[in-house]
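Here come two complexes built around subunit A, the first alongside subunit B, the second alongside subunit C.
For the complex of A and B:
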């Protein structure tokens, strides 16, 4: 078996990570802002007050800029599966392709169609009709995310499919199983609600900008109020769902949860501390300068006080028999491909669940062929493969912590914001308003760290325990990968620059930038001057 | 007649919502939580805005 050039695999990974992280700078705002627009327009329909229509239209304009650039950056990613990940697409295409196709045909078309009606239908539809359209845009954008996350969850917990040794690919068993996979559910809700947090801080931050400049104060104060309430509930929800996802990782992806927690050795309940900060060393398999909070890790992960969590060193040792079994499976699969004998098929089926570990071992096998190894070679290959089952601990550990620390920061910010807004005392605290303004990019960073935790933690697999990443890429040349990587970097940086330019421009112009808004009296509040 | 149709329509929506709640609540509890939670967040945020309009100002100049 010829292995794909490791540099090409690394460049393919880097390119996908880059495009995905660029794309996800736009997505959370779209997911959350649509429902915030729906909330603002609902108040307009219920109360009939023009200011809420102005709010829906102004924030809708900023949503439109973000939506357009989000679509542009997302389109290329679907093609990347074919161009850069053709081995993965061949192996897992049945499973992965179906939710992606549904996303394109149902959710994205629905979202795009109704976005047009939302923007151009203000004078053509009744109030209730337009409100229904806005809700459909919100639903469509979140359903888009649903199908992408269903596809992603099937890579982490590949339920609802089996491997077909005749076609050498995973075959769909149950669509319902894939959609209602608990990992799909929790991932979708966690991601969608993270979008609500992003949108809330975006609206709150820009509203703070107006309040600091004493412009559009009534408009900004109402926007701030709605965003603060939206944000505080969403932050609680996002933390809750994060806990659910952690519990699922504990059950389905023990290497990921051990890496997230920097747990090299099996935990000792109930004392085991939750490590706040440390310097994990992947090569030496230990962490330095650990600072932890005792008695927190066990209940946090296992929801009990006496269940141990298996550490990475023990997981490595436990993988030994599975690697051996996987080597037997891959060798039998190879023979079956040549002979089609029922005997080889039976051996393969007996070891099928460990097939991925056999694939993982191929890069250490003589001539990358695991069949026909001597006992000594087998022992060496198993020992060399064991450390490969672990993800990059430093990256996974710190990406997770940065996400968590930011989430806790958002909780505090939204709690204070909701309190001050409900007391109508926002303008007394300009420093807090400045903090809100400068915090606008932080939820985007938090969601990026969330994706890094999820995807780096899944390594070394593209399909967990089925297909290793090093076998998933296309067999391009390094030059091609470097060229396309440079192209994407330049193109996507232009998109980001365009987004920032347009956002800054229209945010500075404020709600007066569209026709129907009646300018407010921008005289500074006396109480502001007094304070 | 219009009222009757409206009641029938709302009744149908109620039945669909109940069936949805029973099926999705059983098969996909987190999807159900998302639907209920999102509706709740939207409505509470809206209520916050309406409360803003109803709240008296702290100062005569309308501090916000």
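For the complex of A and C:
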């Protein structure tokens, strides 16, 4: 089998990671801020108080600046599966394309159509009518996340499809299995509430800025309180669902969970420590400077006290027979493509479940062809392929830890924020307000680390145990890749500069920049703020 | 049509249409509708973008022009995303192959498409000459370039592109950027798509703007309709000499695998075979030309609403003409014609197509009704003085 130039695969991966991480700088804020806007507007419609309309319009303006980039960079993602991951898209598109198309039909269309009315329709709709539009935007953006994560989950746990040797691809066979994929539901809630955390801290941070400068105090205090409450609930949810996701990985992706925990050897319950920090060495397959908390790992992952968790070295040894069987499968599949003989098909079907491991081995086979190897060659190839089944432990381990440490930090911040704002003592603690302000980018960072954990942890596969990443890319020249990478770098740098400039500009201007805003009472008393 | 003929020659006997074949045909039809919708709606916004610097001579006029499509461009752009999504789901092999074959083109298209949302959102938020002038240029590039590429891609597909598959289904590319994009026939098709988009954008401006924007848009729309008609006729004559493809062997109900069960030959003028076999297809190019001429006449008569609907006829006529010529081919391969992508060998599975059809039947009517509602809510003339005083506008 011809292999794609490994540096083109690396460049394709780099480009996908770059554009996905960039896209995900804007998505979480969209997910969360839409619901906060809807909540603000609901209070406005119910109470009729102008200040809540001002809040919805002002935060709506900042939402718009962010939304534009979320939409624009999302386009890249839809393109890249086709432009850079041709084999993946052909191999898995029968199933993977469906949730993506549903996302367009059900969610993205709704969100994009109504967002125009949300910005432009304030004077053309009744209050209730406009509120309904805002809710539809919020619903649309969150449904969009749902379908994207359903698609992503199917890469991690490819339920609802089987490989068909006559079409040489995964054939979609169960919509229900795709939608109710164990991975997708937990992943959706985990990711969307991570967006709510981001939005809460965004609103809280900018409100802190006004409180520090003693500007728009009533406006800022109300926004802050709403965000703090929204934030504490979301953070609890994000941590809970993160735990659920960990269990999913434990059941379905043992290599990912072992890499996340830096577990080179099978755990010894109940003492086995949860490693707080370490320096994993992927080449030597061990970790240095481990600092752990004893007795924590087993209950954390398995929700029991005596179940061992298989370590990476054991996992790669266990993979040996699967690699060998996979090699038989791939060789039979190739013969079947030429001969269409029932006996080749029968051999393939007997080893079908290990086919992905056979593909994984092609890299090490003579002439990149696993058929017709001698026993000695077979043994060498199997040995060489074994370590390939593990993801990069250093990246997976640390991305996960940074995400967890940040989410614990958010829990503390929101707890203090909720307490202080309900007690109306915020302005007495300027240092805390400063911390809130400077923490605005951290939830985005935590979400990115989460994404890295999920994606790096799935390696070496694009479709778990079915299709290796190195086979998935399009066979472009290095020149093509450099061209597109250079373009993305230039364009995306301009975008982020423009977006930050506008965000700072409008955040500094504050809610008064809106024509509708009525000047605040010049001496706001705390009792006013309380309402 | 060639597919059916071929099957009789091979002499196999099966029911004319099994369910899988019908589903493939339905989705190929839906794909055509999406491509038409995309050309019409996205093309209209892009036309406004292309014309922006020419119909608006000062900032207030340009803002008026932008706000005419302001509330809708985002929804319209979804046609584009939906087009991509539908190809991915219904014809995954076509999506995987065409997007990679046209890599440089697709990346340029993508850059333009992501520039536009940002330009809309950011342009009028800062009151500085250089800032706004830069975004106006961004509108010009991101309006002209994607439509050009959209048309040029059709031109290239008609001539066939170079790619083949290995036994594993791994796709390999055999031709480079310069050997397929920059050829005269593709450039002609690209310019034609630009003409249609400028026409539609100009008509939209006429519908919603007052003088002086109205008068300028009228001039551009008229020229665009006439040049579109001229290019279409030239392209039609030219295609007689373009090398076409003939499906000699290939079952409509075959498993969707481009590596097996198909035999294809190349011959000049083959794209007219379907027209010879089914003369009724000539109605499509006639509809295209007639619509363009009628569009020019309506614009001249100051009837922009009628002219807008001729735009629909134009897109049905042009996309329909190409589809009629190529059926059942999607994207022929020049380096391994037997692996050419057709409706039959590049579709999703029967289950996948059925699923998507159910979803589309539920959601497309919903989408059409709320899109119409949004136009109703935001309808009426856009006046320059309202734009400048309105804090919500672009």
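What we mean here is this: the second predicted complex is superposed on the first by the 520 of 531 C-alpha atoms of A that agree within 3 Å, B and C clash if a C-alpha of one lies under 4 Å from a C-alpha of the other, contacts with A are read in each partner's own complex, and residues count from 1 in each chain.
Going forward, a residue touches a chain if its C-beta (ideal position, glycine included) is under 8 Å from a C-beta of that chain, and two chains touch if they have at least 3 such contacts.
What you see is a predicted model, and the numbers here were worked out from it, not measured in a lab.
Colleague: In the superposed model on subunit A, is it clash or fit for subunit B and subunit C?
Modeller: When both complexes are placed onto subunit A, subunit B and subunit C end up side by side without any clash.
Colleague: Now for A:221: first (subunit B), second (subunit C), both, or neither, which partner does it touch?
Modeller: A:221: touches subunit B, not subunit C.
Colleague: Counting only touches as set out at the top, which of subunit B and subunit C does A:166 meet: first, second, both, neither?
Modeller: Touch partner of A:166: subunit C, not subunit B.
Colleague: Now for A:389: first (subunit B), second (subunit C), both, or neither, which partner does it touch?
Modeller: A:389 sits against neither subunit B nor subunit C.
Colleague: Of the two partners subunit B and subunit C, indicate the one touching more residues belonging to subunit A.
Modeller: The partner that reaches more residues of subunit A in the superposed model: C.
Colleague: Of the partners subunit B and subunit C, which touch A:95 in the superposed model: first, second, both, neither?
Modeller: second
Colleague: Can A:361 be said to touch subunit B (first), subunit C (second), both, or neither?
Modeller: In the superposition, A:361 contacts neither subunit B nor subunit C.
Colleague: Under the stated touch criterion, which partner chain does A:452 make contact with: subunit B (first), subunit C (second), both, or neither?
Modeller: The answer is neither, since A:452 touches no partner chain.
Colleague: Quick check on the superposed pair: does A:467 touch subunit B, subunit C, both, or neither? Answer first, second, both or neither.
Modeller: In the superposition, A:467 contacts neither subunit B nor subunit C.
Colleague: For A:104, select first, second, both or neither according to whether it touches subunit B, subunit C, the two together, or no partner.
Modeller: The second partner, subunit C, only.
Colleague: Please work out how little space separates the C-alpha atoms of subunit B and subunit C at their nearest point after superposition, in whole Å.
Modeller: Superposition on chain A places subunit B and subunit C at a least C-alpha distance of 18 Å.
Colleague: Which residues of subunit C touch subunit A once you look at their complex with the stated criterion?
Modeller: It is residues 70-75, 77-78, 80-82, 84-86, 88-90, 92-93, 95-100, 103-104, 106-107, 110-111, 113-118, 120-122, 125-126, 166-173, 176-177, 255-257, 259-260, 348-349, 351-352, 355-356, 359-360, 363-364, 367, 370-371, 374, 377-378, 391-393 of subunit C that touch subunit A.
Colleague: Quick one: which bits of subunit A touch subunit C in the complex? Just the residue numbers, please.
Modeller: Spelled out, the residues of subunit A in touch with subunit C are 1-2, 4, 64-65, 67-69, 71-73, 75-76, 78-79, 81-98, 100-106, 108-110, 112-117, 119-122, 124-125, 164, 166-169, 171-173, 175, 334, 337-338, 359, 471, 474-477, 480, 483-484, 487, 491, 495, 498-499, 501-502, 505-506, 514-516.
Colleague: State the interface residues of subunit B toward subunit A in the complex, per the touch definition above.
Modeller: Residue positions touching the partner: 27-31, 33-34, 37-38, 40-46, 48-53, 55, 57-64.
Colleague: Going by the contact rule at the top, pick out the subunit A residues touching subunit B in the complex.
Modeller: Residues in contact with subunit B: 35-36, 38-40, 42-43, 46-47, 49, 52, 176, 179-180, 182, 185-186, 188-189, 192-193, 196, 211, 217-218, 220-222, 225-230, 233-234, 237, 241, 244, 421-428, 525-528.
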